[in-house]
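Chain IDs A, B and C follow the sequence of writing; residue 1 opens each chain.
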Amino acid sequence: MLKTNVVVIGAGAVGCAVARELSKYNVNVIVVDKNEDVGGDASKSNSAIIHTGYDATPGTLESQLVVAANPMYDEIVRDLDVPFKRIGAILPAITDEQFEKLPAIKEKAFKNHVYDVEFLTGEELLKIEPNLNPEVKGGLYIPRESIIDPFILVQALAENAYANGVEFMLNTRVTDIKTENGKIKSVITTAGEIETDYVINCAALYCDEIAAMVGKADYTVIPRKGQFYILDKNTSCQVEHIVLPIPTKVTKGKLMCPTIHGNMLVGPTAEDLPDKTDKSTTAEGLESIAIDVRNLVPNVNLRDTITQYCGLRPNRNPEGLHVDLYDDLKGYVNLSGVRSTGLTLSVAMGKYVVQQILTDGAGYTLKSNFIKTRKGIIKFSEQPREVQDKLIKEKPLYGNVVCRCETITEQEILEAIHRPLGAKSVDGVKRRVRAGMGRCQAGFCGPKVIEILARELNKDATEVTKHNAGSYMVTGKTRD
Amino acid sequence: MVKEIICTVCPRGCHITVEGDNGKVNSVKGEGCKRGLDYATAEFIAPVRILTTLVKINGKENELLPVRSNKPLLKEKLFDCMAEIKKVSVNLPVKMHDVIVKDICGTGVDIVATKSLN
Amino acid sequence: MYNIKCDVAIVGGGPAGLAAAVSAKENGAEKVLIIERDSSLGGILQQCIHPGFGLTRFKEELTGPEYYSRFTAKTDELGVEYLLNSMVLEVDSENKQVICTNSEYGLTTVSAKSIVLAMGCRERTRANIVVPGTRPAGLYTAGSAQRLINRQNIMVGKKVVILGSGDIGMIMARRMTLEGAKVVMVVELMDYLAGLTRNRVQCLDDFGIPLKLAHTITAIEGKERVSGVKIAPVDENKKPIKEKEEFVECDTVLFSVGLIPENELTKKAGIEINRVTNGPTVDQYMQTTAPGIFACGNVVHVNDLVDNVSKESEVAGKYAAEYALGTLTKTVKEVAVQVGRNVRYLCPHKLNIGDKEQKVTLYFRVLFPENNVVLRALDGDKKIAKKKELRVNPGEMCSITVDALKITSNAITVEVVKEA
């Protein structure tokens, strides 16, 4: 039987952040995830925004963690080499009714200790964001709202945790948790039983199911579907800030913002659904985005869309972000209600959860040899010409451009596959180096990526998957 | 027997109705021109097609040799010919229009390479 | 950085680039260099193993490889040079330089006297046309599937639904059927065929593959691999009729929903792009708005037949050679080319008329199918060319030839009218 000190269930943003924080201590940690890759579910399909927490409910744990997390990113992205930009958000009021809501929003931001929110006139807003609805009456500017590459953030947290000794068991499903004398005993997985002192439930959408294994499911997860459009980098109408709608009582509304890689992102919808696996986009949902976002940015050209996707936010009922430890079940930490702010607050959550365990008396000591930094994969397309030339001469596969839309070379794909916790699937490659993320959506590079994955992983092409088991890309040979 | 034939001679795509028995045409209706009449008659009696496909190359897993029938062959024989071609494999080098399968399925038609490969 | 000098540099070694190279060489350019990203010349024709090419040009039915071989035989004979496995990163229209990657030489700068853009086109995707549903494995553009099956010896699926009745889609229906897959149906949004009638007969009807006109896919289903699609008929506004939606089981969906000229390099070079064709604005020399930069083939506008691509590319190659040699006729007058009734777009987009005799062929596509029509070119109000057609349809290119020197006004209009 495997033995460890802590089992983290779930390799999404929060799970990986908790693992990385734990890896600063002399403690054995195993992260278990049912998916074939780190990155979770909710963590990889969201709006890729690092929030300030200006609109959180003041005084809640969620507010505290988001507000604490935002400033942490300057250091995190430097240490872990994560694409990130503080582009700021604007909240334009288009109608008088919306305009009247601005003071209350600003007041709430102050209650959340977000003091750098500023009021701008319609004219000022149009100056910094010319494609806004010209009717704009005025609005708020929130400078520290930022954009990030959410895939790289989670990979970077995981890779750094791995470099510091954390073990990852992917493609591994937790089937049960054993307790003994009011204490955690072990975690049963599809890859065997793991004896452990602590279990940290970071299973997000499935955290209620994990909680039920130890009889702590006093809540249920209600997935809230969010559909998005991604627009071409060349789309005619672009914005430079995160353009947020003034929320109504019913919904936070749909936003438009650039992604860290220069596409435009538009969405999301918010639909409560019972099915945790329903990640399908719908004609109605996508249409509703089109209608709403045109109020903010009238000339947005959704015909320039290069993809649409859907994410599920793991909302809970009753609502609210919870981190629970139990007197009658030592060693069990339950995280629930980690919803749309989950990506942002993950890094603060890591610290918070570890502190809870230390306070609980875990007695872990700090490592002296913690590796603080992680280097990402060199992006050929972003290098100056001389550096590109040098790279090709050092490693000729840099000269072989596989993805034409994003200019991704074969060398970058090899590094995505062969680095620790590397890509094992077509989507894994895509989320590490962006091959297939461009306007042709893998029409050109897809066939080559299948061939490269098969070659590098020493597999038959029929064993290459898009993501999890069962998502086989091809069915056989034309000629055997 | 009555057969509806869409003419492929020109972009107009006339719908031609041919009536006849045992390979004999009794009447043709709806053709736009003489070429259409000839096409429809031939299609009615014995439709033929060029077959193009691929042949396995010995020692190569990720590449195939494109081939074609050097003449149109009977449409009804397409799948028989495919079954034959699937059994074949070639050694390189191959020159364009080298015969890969002679007189395939007794049709009198050869399967030839459409590409030179070294 | 590695430097190469040449007279005419050609970006792309597909049918357009090959024809332009041959023509440039034949028209006096000394050093002609093709820059190609693939490991061999021929472009997309390498995977088009089916027949149907060359009927107008060579009066015989060739397969893709046979068609381009006729051109590579010529490029070899004439001594056209080429750089393979080289992806162009940038075209500098001012300095006439092309920067590309090459594993052997490193980053390479090609300096030329004139440049021909022949990058071809790419396929529209499921996302471009916004088909809702899940994102499982088993969704391919028809061309990607064609590449896998024909060039990489990989079968993509067993039970296939094809969206779009374009030629590539229909050809893939036949290819996959011959290779043992079951093609369940071809679904087409319009109420008429997008591709050639010949392909409908020989690729669908021959194999009993149903063609669902005026239908669309309303949802993709399946979590890991495609499990099926929902299809529905559409109303006159192309909106799906939800009540008539039905589920069709399949493990693969091929999208053959149109092609888009591949103009990222063109745009970055600051060359004007036409909004209808998505390709560079060109004159009758196939010269773009950047002097000395020419363009031809599907990068300019999506053609129906490769035969037309070759012809148009020979024009580009010829004048690129003349530009390099400094013999290209000086423009005395600019004439706009305008669309008239039932014309979607025209190519070239304008005429730079010189003082030499020149017959100019204007290629165009119609907006909707029509029978028994006359194609006319008007110089102001004056008819200067006309041509009868039994049938025109958006899937097939039309053309009309005018005598450039005889144009007196500043604009000519091409229209399609019903025969009187």
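Heads up, the rule we're going with is that contacts are C-beta pairs under 8 Å (C-beta built on N, C-alpha and C of every residue); 3 or more make two chains touch, one makes a residue touch a chain.
This structure is a prediction, so every number in the text was calculated from the model and none was measured.
Counting contacting C-beta pairs between every two chains, the top pair is A-C.
Note: the chain lying farthest from chain A is B, by mean C-alpha position. Of all chains shown, C has the CA centroid lying nearest to the centroid of every protein CA atom. For the pair chain A and chain B, the distance between C-alpha centroids works out to 54 Å. Between chain B and chain C, the centres computed from C-alpha atoms are 26 Å apart. Each chain gets one centre point, the mean of its Cα atoms, and the points for chain A and chain C are 39 Å apart. The set of chain B residues touching two or more other chains comprises 54, 62, 64. Along chain A, residues 451, 478-479 each make contact with two or more other chains.
Those residues of chain C in touch with two or more other chains are numbered 150-153, 179. Residue ranges of chain B in contact with chain A, taken from their complex: 54-56, 62, 64, 86, 89.
Of all the residues in chain C, the ones that touch chain A in their complex are 1, 37, 85, 87, 89, 99, 101-104, 106-107, 122-123, 125-128, 130, 132-138, 140-141, 143-144, 147-158, 179, 218-221, 223-225, 240, 251, 264, 267. Taken together, the chain A residues at the contact with chain C in this complex read 234, 277, 279-283, 285-286, 305-309, 385-386, 388-390, 392-393, 396-401, 404-405, 407, 409, 426, 439-444, 446-447, 450-451, 461, 465-479. Interface residues of chain C, counted against chain B in their complex, comprise 49-51, 61, 63-66, 69, 150-153, 178-179, 196-198, 200-202, 205-206, 371, 390-393, 396. Remark: chain B residues 6-8, 10-13, 32, 47, 49-54, 61-64, 66, 68, 75, 78-79, 82, 96, 114-116 touch chain C in the complex.
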